[in-house]
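Right after this note come the structures.
Below, subunit A partners subunit B and then partners subunit C, in two separate complexes.
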Partner chain A sequence: MPYHEFEASKCIPERKMHAVVKGEGEDLTSCLPKGYLNTIPGTISERGCAYCGAKHVIGTPMKDVIHLSHGPVGCTYDTWQTKRYISDNNNFQLKYTFASDVKEKHIVFGAEKLLKQNILEAFDAFPEIKRMTIYQTCATALIGDDIAAIAEEVMTERPEVDIFVCNSPGFGGPSQSGGHHKINIAWLNQKVGTVEPEITSPYVINYVGEYNIQGDQEVMLDFFKRMGIQVLSTFTGNGKYDDLRGMHRAHLNVLECARSAEYICDELRVRYGIPRLDIDGFGHKALADSLRKIGLFFGIEDRAEAIIAEEMAKWGPELAWYRERLQGKKVCLWPGGSKLWHWAHAIQEEMGVKVVSVYTKFGHQGDMEKGVSRCGEGALAIDDPNELEGQEALRTLKPDVIFTGKRPGEVAKKMRVPYLNAHAYHNGPYKGFEGWVRFARDIYNAVYSPMHQLTAIDIAKDDYATDQGFVTRRMLSDANLSDEAKASPLTGYTGKFDPIAAIRAKTDADYPVFAPKAATEAAE
Partner chain B sequence: MARKEKKDVTRASYPKLYTSDPLAEVEPELRARIAELENYIMKNCLWQFNSRGWDRRKQNAGILGKTAQLLAGEEVDTSTPLDKCYWVDAVLLARNFKERCAWLAGMGRDEIHALIAKLHARIDWLTIDGSLNEELTVQNY
Partner chain C sequence: MNCEVKVKERAGTINPIFTCQPAGAQYASIGIKDCIGIVHGGQGCVMFVRLLISQHLKESFEIASSSVHEDGAVFGALDRVETAVDVLLSRYPHVKVVPIITTCSTEVIGDDVDGLITKLEEGLLAEKFAGREVHLLPIHSPSFVGSMVSGYDVAVRDFVKKFARKGEPSGKINLITGWVNPGDVKELKHLLSEMDIDATVLFEIEAFDSPILPDGSAVSHGNTTIADLEATGSASHTFALNRYEGGKAAQFLEKKFKVPSTIGPTPIGIRNTDSLIKKLSQVTGKPIPDSLVKERGIALDAIADVAHMFLADKKVAIFGNPDLVIGLAEFCLDLEMKPQLLLLGDDNAGYVDDPRIKALQANVDYPMEIVTNADFWDLEDRIKNKGLELDLILGHSKGRFVSIDYNIPMVRVGFPTYDRAGIFRNPVVGYGGAMWLAEQMANALFSDMEVKKNKEWLLNVW
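Right, the complex of A and B next:
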């Protein structure tokens, strides 16, 4: 096994089995780090807790819901507004967060009464909102508060409201991934099948594992609507609580982030016979193939092909512009869980960069299987890294850019490595044909920005040129290009600052109306 | 749609099919061809990586079985939603194989079935029987 031992972690020998270098001829039977294990004492992990995984990643993107944490105010404060999962109802779920504000006296005397008071106050403060999720935290789990009983009491007293209880305290797993699992299964057990949705199309899907980061979900929904597909629910970005109660009526579950939401897809398959189709919304080829697959399933592939042709004609040349300028740039792909495999192959194939390292904070070995497979030889794969390991890897690998979260991203910036936010994006959305060009644009700007180069100069000590001003694109990224490429009239991304506004402005009249297909034709 | 309550927990103890790389003795030319197909799958597809071993066994058999039928020009069963789901992944796979591997066009039906059977064995080895993933035998999803 090609394990990699960091100098910084020699005093924590167990860490050695959490990093591998993919050598020549290595495959998954000889090269895979350990994963989804408890963080080793002594290593400072970048992981979140199971409460955070349940609430912050999956629960809170639901848009028409009061999200209430039963616990100390710090738990909810630290999971508030840290990720840009926007919504088309004025971002209610981002603007407001709720906590029962448990204190020491409640640990001694119980906090159920406090919880009920908080639930009623929250509903009274926002009378237009009739749905609520309540999240267990470590403190209230340990004192044994019965949240479900309180929720039942309130629902009996106020029959117009509906409450979902998520019992995923922070200690409920090695990382946030434990919380993803718990809330998936809890939602399925408590809520799926409790609403009968209106079916308006012969083609009905749930869009699962999509969190509408900077509008990703809205971009993808636009494609689905252009194909005449009814999206019954989105689990959970920009999703509605009651739509998600009707998930059992879909014909197909289309799954994006398998790491956070495969559990509900798998159980919907077992319990209701709805098949699971994994797709990739990132990357031009992967997205085109994904739309084709959904089209094939419903017998409407021609509709997918029409969208692909239109979008590729528009955005393909702009992506090529960036690919020429990003050839061979070294990337550390260090996201939370799924993007290491969503992006690893697509950015190498379509943007020309080289992934020199992948890591995952909370991924399982299954995520590393996908990530290691999609990397080239020599890539360093790290599970649950600590900060010193990250610094050592950056010093050794000398990447041109790093894609990671904001905490390790700030460390990278101090080490003069440009950083892009892999979780919440810089200038997303990154999904969709246009979104992928926006991502390429952000990478280009990160790699070539003169600002980053200036930050490497210590003006107190270093000699630096005082007679050189701003450096242009032609001097930075175009110096070694062919004459033909230099003469191209293209200048990279030409889209708008906010591409989501135009999608939101669309009405039903802007989408095509298709004649119903004969049953036999649709089945072919 | 009917809701099934009973969970099959015995599914986690599926039998191993291979104890070593099933292509270890395959001649180099054929091995190289299979490697091309394997590389495409491992870089571009996700269906082979469902979280549990028993599920991967079904996925691999369902999708690669239908891919072989499509490449051989045979009729494919799409009568159930699950079959149709396997079929759509198989259609994309067969198209991409044909686009990338011109040598497939010169193969007869039996040769294609034999080739994909070997590819299937190799994917089973990589993702199930030879896998280092310790979560493949977990009972629940």
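Right, the complex of A and C next:
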């Protein structure tokens, strides 16, 4: 067995089963780490809690909703303004967060009355918002407040409002993943089927497991609309509460982050017979294949092909420019859950960046299956990594860049490894054909930063030529390129700082109108 | 009376200004060398607080979790702490101090952390880690009491309580900084050094402004040692600069070890800095050196350039930790500005008795509101719906959208300030801090004049 034992973890032997190195000719049967087990206390794991998995990851990206956490202020404050799930309604859900502000007296005497006051106050402060999600926290779960009963009471008194209750206290499960599961099922049980949506296209999907980080959802929706597909709802980035109540009428669930949202897709299949199609919005080939699959499902492959051809003509050459320059660079791909498999193969194939390690904070064995199978030989895969193991891996693997969270990124910075934010991105969106070039651009900018080059120099000891007043990225990245490559007229990224504004400016008139398929077929 | 002190009228919180007690205890813990805290509760209570502090300082550091899951919440989770201590000590051989920081969940289920520590001292530490210096201490910081401010206050007291010893009078003073930035500690130590005063500083956090070194070896950590903490009991005097963040520790030292204390005023602005160094001089018998006379003069010179021409009569709202907000308000008044609204504190009922607040109430000659247990809606609602007009906001990054959406310039100050570069590096205390603050405020107003084309030509000559 190719289990990898970290020096730092020899005193906790059970950790050995949580890391593997993919050896020559090995497949998943011989190299799959354990996953999603209870965290070993005191390891300084990077995992979060089930409350944040429910509220912060999945709940809050819903845009037209008052997000109220029932508990002391800390849970609310700490998960506020730490991600970049934007929306096209002036970012209401990013800007406003609500806490019932539970104090000691409420712990003793109960906080239900306080909660009701909170709900009314919040709706009164924002009279234009009629929807609310209430998240339980550790404290209110333990004192046993009946949040659902209070929500019912308010909905009876104020029929114009609708409230969703998510009971996912922080201690519920080994990581944030427990919260993903709970909110998926709670939404399905409480809200799906309570609104009948208007169907305007023969091709109707829910876009699931997509959180609109820096505009990802808006980029993808643009493709779907260009294919004449009606997107009934997005679960949940930039999504509307009432749209998500009508999920049951879709013909297909298009699933992006299977880690956080496969549960609702699987249940929608069981209860409403809606099939699930897993896609990847990251990577030119993966995205093209994804659009083709959706096209194939509805019999509109031609529309997908037209988009792919147009986008690839525009962005393919720019990606090639970066591939030429990133060839052989090593990356530690250390995200939370799904990006290890979304990105592993795609960055290697399309950018030439070698994945030397993958890790997952809250992923399950299924994520590791996908991630390890998409990595090359020698890749170190780590489940539920901790501080010392991460540092040890960085010292051994010496990557050129790391994709991870903000705080681990600071650890890497000190170890002279430039970092890109894998959760919230640096300058995203990273989905879409253009987005993928933006990702390559960000990697290039990190790896070839002239400042990064300077961090390696010990001014007291090293003999280094000080005859240059500056160095450019091109001087570094093109030093060893062939003359042919240097002479190529291709360029790097030419898009704008904010590519989302143009998409938001589009109106229905900017999208093609397709003749109904049935009529076309009849004519033939 | 022109200046009213009110408690937030609503039951709930819309956009909190503060986080909860465990965060304050964690911020205190990272100031101690060879210390890694274990937060006893769900993992989010650590993971997000580390992220928050790391966003602020742009540095990383270590805090562990006992990772309480369902079974612990139902049956008690002390076994999780036992494992956590064992694993942490085994893997971090340099660690000597391990505070066990409680949270709402583990306080509600009633885990006896104090009892467990005795058990671990007699068992695990005596057996498995025999001969190794390890100190465990409980810090009770349930999230439903107080806020991060009181959590910090409690933690400083508990660290001092754990280690302080009565020894030979050391002649040193204790300087308890309160919740400040690396830049503040640097400035305070500079003042002490100019006055040739030997002090124990709680906490030594300047090293959180740390380098990238060519060999990749740099790590960020606090530098207050166990010996420093022990020495607090033999000091000649304690200066707790912030009443609500360190005041409890000063009171403890006074009561237990008869170390006299001066609590506050927060040395923000020229006048409060004068007050601090005068008192330092009195207590230690050291004269105030010419160098500080000169530094004070440089700050006054810089402030004279901006105060009566640009800052006078500017209406400002200030939010954040209570000592910071009060100190800033006092300085703004000295700068001829008009603080309109102070949002401070948690539900601490003692704020109304703060002499500085009483002085504001006695002397402010225009309407000023002070709201305790406040949230950001107390600010936004007044701007949006109640006609509050402001020229400037002073506060931390969580309030950024009030500034952005209502086009009011904001100077970042306090914690956290993740949406501006390098704020943690600069002081707000001391003469240096006074100068920096006045110039930041002036520059923020200048940029605003230019963006809004509001008498932007004024700066053609200056």
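Operating definition for what follows: the second predicted complex is superposed on the first by the 503 of 524 C-alpha atoms of A that agree within 3 Å, B and C clash if a C-alpha of one lies under 4 Å from a C-alpha of the other, contacts with A are read in each partner's own complex, and residues count from 1 in each chain.
Following the convention adopted for this analysis, a contact is a pair of C-beta atoms (placed from the backbone, for glycine too) under 8 Å apart; a residue touches a chain by one contact, two chains touch by 3 or more.
Because the structure is a prediction, the values reported are computed rather than measured.
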In the overlay, answer first, second, both or neither for which of subunit B and subunit C A:I40 touches. second
Partner chain(s) touched by A:Y263 [first = subunit B, second = subunit C, both, neither]: first
Touch check for A:E24: first (subunit B), second (subunit C), both, or neither? neither
Which of the two partners, first being subunit B and second being subunit C, lies in contact with A:D278: first, second, both, or neither? first
If we overlay the two complexes on their shared chain A, which of subunit B and subunit C does A:H345 touch? Say first, second, both or neither. first
What is the contact status of A:I107 with respect to subunit B (first) and subunit C (second): first, second, both, or neither? second
Per-residue touch tally on subunit A - higher for subunit B or for subunit C: C
Within their complex, subunit C touches subunit A through residues 10-16, 18-23, 36, 38, 41-45, 47-52, 54-55, 58-60, 62-70, 72-73, 80-81, 83-88, 90-92, 103-105, 108-109, 142-145, 147-148, 210, 212, 214-216, 218-220, 347, 377, 381, 397-398, 400-401, 405
Touch list for subunit B against partner subunit A, complex: 1-5, 7, 21, 42-44, 46-47, 49-51, 55, 78, 81-82, 84-85, 87-89, 91-92, 125-127, 130-135, 141
Residues of subunit A defined as touching subunit C within the complex: 8-9, 11-12, 38-52, 68, 71-82, 95-104, 106-107, 114, 117-118, 121-122, 125, 137-139, 141-143, 169-176, 387-388, 405-408, 410-411, 413-416, 455-458, 462
Show me the residue ranges of subunit A that touch subunit B in the complex, using the header's touch definition. 27-30, 32, 34, 36, 193, 248-249, 251-252, 258, 262-263, 266-267, 269-278, 280, 285-286, 289, 292-294, 296-297, 341, 345, 364-366, 369-370, 373-374, 523
